[in-house]
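Below, subunit A partners subunit B and then partners subunit C, in two separate complexes.
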Partner chain A sequence: MVEVSELQRDALSEIINIGVGRAAASLSQIVRDEVELSAPTVLFLEPSEVNQALNGVEFDELSVVSQDFSGPFDSRAMLVFPEKNALVIVGHMLGEMVPPEQLSEFEQEAMCEFGNIILNACISSLADLFAVEFEGSLPSYRHADRQTLEILETSVGDRPVVLVVQVDLKIRKQELQGHLIFMMSVTSLSELLDSIDHYLARQGIV
Partner chain B sequence: MAVGIDCGSLVTDALPNGIVVLDGETKVLFWNKWMERHSGIPSDQAQGRCLGELFPRIAGTRLVAAIQTALMHRLAGIVSPSIHAPPLPLYRHAEDCAKDERLAQLIHVVPIKLADAKVCTLYVQDVTAAVLRERRLNEQAKELAASNAVLQAQLDEIQALQSKIAEMSARDALTGVLDREHIEQKLEEAFAIAAKNAGTVAVALFDVDLLKKINETHGHAAGDAILKSLAGLLKEVLPGNASVGRLDEDSFLVVMPAISLDEVQHLAEQVRRRFADQQLGYQGNLVTATLSAGLAIFPEHGGTSEELMQCLDLVMFLARHDGYDRVLAYGQTPQEA
Partner chain C sequence: MNTPVKPLFLVVDDSKTSRLLITRMVIEMRPDWRIVEAASGDEALKLAQAEMPDFVSMDINMPGMSGLEAAGRLRMIDQKVRTVLCTANVQESMRHNAEKLGLHFVAKPITPNTIAEMIEYFER
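== the complex of A and B ==
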């Protein structure tokens, strides 16, 4: 595993927080009320450690929005929320509470857009601050559980590094937790760390 | 296929979706037939003009933000129909335009690489039918929930009636107090609770003196009226947690949890006095009656309900022997009372 310094991790955390801050502004417009988003923790893990990191959150039924990004480094990015949190989020976005059954097609699209806004905001803030360019695919939605999430990890054998970011969301006094997950190869991780180092150097920190 | 035919635009014109290509300044580079049909703007008029100029009301919408992200950062986006009003003035039919009834839109905004130029494509899908279907399903689900609530309320009402019927069937038909079976059940329940919580249970037996003689002299209807008035008096004088039941033709058993013997004696004496004082007018005659009452308390006088009932039998015998119209607790002699 590539070593990640405390400084690199803090810098990345700052950059992601700028991204989620932008996303919060867009989401507030949609919900027509203040939406607060913060990303308090950033962890670099091996795929086998991800499930454990997500433990503690009720993570049996998951709502997953994923997008692929390519650029100086490539990553599959996912926004993962426990399904019942996703229902609450969609309910706030639609302006009425969704019954706790399976998400219908439109509610899935609404969740997709929610994920799209957050993921794009994070990647664009990385692009802006690193002064680089990425390309991002359309988001896709799926329902998953612990098992299928594991399968997803093992199917990306060339992406053995997982960046897990806890996301705390606050809509209309309701607090909801989810995670941003970036899967990347060791090569992409080195590129990411290089980009962070360049950024720090430009800021005169290193 | 003949050389020189633009295969791409033939295909995009045949598609049942809107396709728009925008350059870095959001000027229209391409506008397919579907867009012409549903916006009313021909392709040659759309080309070269900014999207915001063609549709001034899109300023500040999520669609504009998604286009900016696609152009500036090359990140694809989705604008879903359920959380936004339809952003583009596109109509299914000409008459919808007059009413400004826009078709429901699902829009994908995808950046494309065209040499070094920043370009993006909008794919617009008409999802009106699906949105209507969804809305109808939601309404049906709500109606279903509402009729379920009505059914549930009816079910609750039926259950309430059933428990009322069960309660009524546990009652003595003449006096309305519990019947023998249910007062004995109350006695067992009170014992179980008192034994568990180290509490007390007092039992009292109220016998109408010489009921047989009253029946013979004044008729059974007069005896019945006397029994009813005693039942009423017991309910009036005794505390709310007391259970009153008819044990026999002429006797009532009362079970009182969490009470002292002194208190029970005081209450029973009150019942005895008021019962003796009342005069029932019956078919032109004034009928009076007296009662004898026996009292016993758990755990002082016995450890089981059977033992207490035996105490009561003994006390009642003493009271009758002493000449009726008495309240006697177990262990007391008639003189002491």
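== the complex of A and C ==
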């Protein structure tokens, strides 16, 4: 695993905090309600450690939206949350435009768009703070359970590193626990750390 | 006396949900507009060949041709078309690209406020 200094980790947490804040603002507009969120916890893990990290969550069936981003470093970004929340989110997105019995027809497609907005809000913060540009692939959506989460089956490099950001979200009446997961190769992690160093240098911190 | 032609609004987005949200909100705010939908840049260009829209809401990240390219091609056909890029890609660089191309930029998610901003630009 690449060495991550305390300053780099702290800076990354803060940058991700800003990204998650931007994502929460988007989420609040989607669900038309106030969104409270916890400070994100940032973990660097080996793929084999991810299931253990997700073991603390109180749900088994998961909804996963993923999208690949390429730029100064490449990453597969994933938004993971309880499957039971998917239709609730779709219902909030579409409001009264679609009757409740038809919501499931929109789930696949609406969740892709939901993930697209949230993941882009987060990645855009990174891009702006690092003064760089990322290109995103089209989002994809699937169901998984904690044991079969395809994180371990996807390939983004020889020895992928997984950056897990855990955020607790509360939307007035419903509690959602979501995870943002960024998978990247060791090379991309080094490039991410370079971007953090440049950012810190621009701020006159190092 | 000729009846004035109602404005034609083209919604280009690969997301059915986004097209639904945009069209429903625009219908509410401008019930007299005619609305057509395209799920890709290619489809948008085909529709524009049949009748050039007055106003366009264009997503950027779509399968096939990007929204930026499709918007550029629409302008080559008719410079008067007013296009808004409606995208989740809210990076500063994307806003600058839009500005350089003379396109207006609104950030998803789609809300009554984003649609009002879009309409305000179209009618400016």
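FYI, the second predicted complex is superposed on the first by the 171 of 206 C-alpha atoms of A that agree within 3 Å, B and C clash if a C-alpha of one lies under 4 Å from a C-alpha of the other, contacts with A are read in each partner's own complex, and residues count from 1 in each chain.
Everything that follows uses one rule, which is that contacts are C-beta pairs under 8 Å (C-beta built on N, C-alpha and C of every residue); 3 or more make two chains touch, one makes a residue touch a chain.
Everything quoted here is computed from the prediction, not taken from an experiment.
When both complexes are superposed on subunit A, subunit B and subunit C end up clashing with one another. Once chain A of one complex is fitted onto chain A of the other, the partner contacts of A:104 are limited to subunit B, with no touch recorded for subunit C. Within the superposed three-chain model, A:189 lies out of touch with both subunit B and subunit C [touch as defined at top]. In the superposition on chain A, A:23 makes contact with neither subunit B nor subunit C.
In the three-chain superposition model, subunit A touches both subunit B and subunit C at residues 26, 29-30, 93-94, 106, 109-110, 112-113, 116-117, 120, 123-124, 127, 133-134, 136, 138. For subunit B in complex with subunit A, the residues that touch the partner chain are 62, 65, 69, 72-84, 106, 108, 110-111, 113, 130-131, 134, 137, 141. Those residues of subunit C that touch subunit A in the shared complex are 14-18, 20-21, 24, 61-63, 88-93, 108-109, 111. Within the complex formed with subunit B, the residues of subunit A that make contact are 26, 29-30, 67, 69, 93-94, 99, 104-107, 109-110, 112-113, 116-117, 120, 123-124, 127, 133-139.
Looking at the complex, you find that subunit A touches subunit C at residues 22, 26, 29-30, 93-94, 97-98, 106, 109-110, 112-113, 116-117, 120-121, 123-124, 127-128, 133-134, 136, 138.
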